[in-house]
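Chain lettering (A, B, C and D) follows the sequence in which the chains are written, and residue indices restart at 1 in each chain.
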Amino acid sequence: MKTITRLDLEDARVLIAGAEAHAREIGVPMCIAVVDESAQLIAFERMEGGKVTSTTIALDKAFTAAGAKKATHEYGASSQPGAPAYGIFSAIGGRLMVVGGGLPVTFDGAVVGGIGVSSGTPAQDQAVAQAGIDHWLAQQK
Amino acid sequence: MKTITRLDLEDARVLIAGAEAHAREIGVPMCIAVVDESAQLIAFERMEGGKVTSTTIALDKAFTAAGAKKATHEYGASSQPGAPAYGIFSAIGGRLMVVGGGLPVTFDGAVVGGIGVSSGTPAQDQAVAQAGIDHWLAQQK
Amino acid sequence: MKTITRLDLEDARVLIAGAEAHAREIGVPMCIAVVDESAQLIAFERMEGGKVTSTTIALDKAFTAAGAKKATHEYGASSQPGAPAYGIFSAIGGRLMVVGGGLPVTFDGAVVGGIGVSSGTPAQDQAVAQAGIDHWLAQQK
Amino acid sequence: MKTITRLDLEDARVLIAGAEAHAREIGVPMCIAVVDESAQLIAFERMEGGKVTSTTIALDKAFTAAGAKKATHEYGASSQPGAPAYGIFSAIGGRLMVVGGGLPVTFDGAVVGGIGVSSGTPAQDQAVAQAGIDHWLAQQK
């Protein structure tokens, strides 16, 4: 048997709070999801004005990032036509997201969860996800 | 066109906080989802110890309660063998929940959203959902 | 090869108009779907106050009634515990509806389409679907 | 709580009528769907000769346009190979449509619903959707 370390609900709230603070700064209301290292949902919030189509997309970005231990935008690069992972975007019923905005949450070299953000451009989504992680990391001293 | 009133994110947080307080009182960690009057997800939290299978169940209980403007346990009664709505439990890809724990959130006679709770017995789930509503209603003065 | 007779869009509108008239009479706003004899959707309307969960249910009742050439409430009887079609309600990803409110539309002994209604009790749904058919039949002289 | 404005059934009928008039002008029978601002279906019609595969496509174009508050052809541009949203087309179980023909319906600066059209070329679909909106807007005085 083994022991694993993962995000808890309090961590998820901190990640979401950090993400929302940055979303407000850039003026783009977001859908934000946080999952644990097993890619299971812990918490989700749709900010006022967040898109309803982005609910599922945020959930699936977090799912992909934690489950695959990889940022979703990295899949974007490797799934281009001619690239090795071409077509992976329709895997798992379309849940495997290759659009930026999903980031694994890493601590001490191990993936402990994932955060997924959607409603803006992929670059905005990714920046808001990173802001959530930065806010959370600043409290891990 | 028409105008409708619905829950916002702050309302969803209050509903979840009220539900979690009661879940702690009875010692049963829960998954809790809140949707708006169009059955679109606003917020979700899985408490420490909440069941991962209950994530989808809580989401779908909230979806059913707001979308059908009816408590999920009412469907439980009307969908028994021999009753008129027998078999409704597999509708909408199985998302239509007939197990207690999903309640519409009503204000001034109109459904403004829904709350879905899962991880305990259906009676516990329903009591926790009601506690969320009671906590929220106490603030609507 | 063969030639088949089926409902057209104008028929679908007449069926829906007849159903909506009865829905207004009984004061229950409904979701109403009409499909052709191949169970393919022709038209749909959600009346003001119709339930959003009933959208899919109305579509699937019409689909079942036309596709199986059988009223959905007949499946309700034959799918009870111990009966021959027990469990059929989860077939086709849950689209096979066994709750009343789906009726085949028959003309000259052949099924030419189907109508599905949802938002009320199964008895109300079925009565509204029948009213749509009666209204349409009255024009087929 | 908050208050929002959305399309009602009468609006949906006007949008569809305007779209169908243009579809007849260009001689391309269409599938046409209208959803509210929460991306929930209000009404649908398949014109005589509209494609049965286009039923779901029209529904999903309307869903995408209202839910994401963006025309589907804009996703077409941003989801090309090498572009930021590459791969988004398989999101939400493939419901997120990036092919032209889905337009948000906007009034007083807010998205109040969406219209989705399918059966012709994407350019034809988009023109027919726009004609529906133009017809509806002409009545909003």
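By definition in this document, a residue touches a chain if its C-beta (ideal position, glycine included) is under 8 Å from a C-beta of that chain, and two chains touch if they have at least 3 such contacts.
Since this is a predicted model, take the numbers as computed values, not measurements.
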item	value
Rotation angle superposing chain B onto its copy chain C by C-alpha atoms, nearest 5 degrees	90
Interface residue identity across copies chain A, chain D - same or different by half	different
Cα-centroid distance, chain A relative to chain D, in whole angstrom	29
Chain B and chain D: spacing of chain centres that average the CA atoms, whole Å	31
Intercentroid distance (Cα basis), chain C paired with chain A, Å	42
Multi-chain contact sites of chain C, meaning residues that touch two or more partners	48, 52
All chain pairs that touch each other	A-B, A-D, B-C, B-D, C-D
Interface residues, chain B side, partner chain C - complex	2, 38-39, 63-64, 67-69, 81-82, 84-94, 96
Touch list for chain A against partner chain D, complex	48, 51-54, 56-57, 60, 75-76, 79-81, 89-90, 93-94, 97-100, 121-123
List of chain C residues in touch with chain D within their complex	8-9, 12, 38, 40-48, 52, 55
Complex interface listing, chain B residues touching chain D	1-8, 11, 36, 38-40, 107, 112
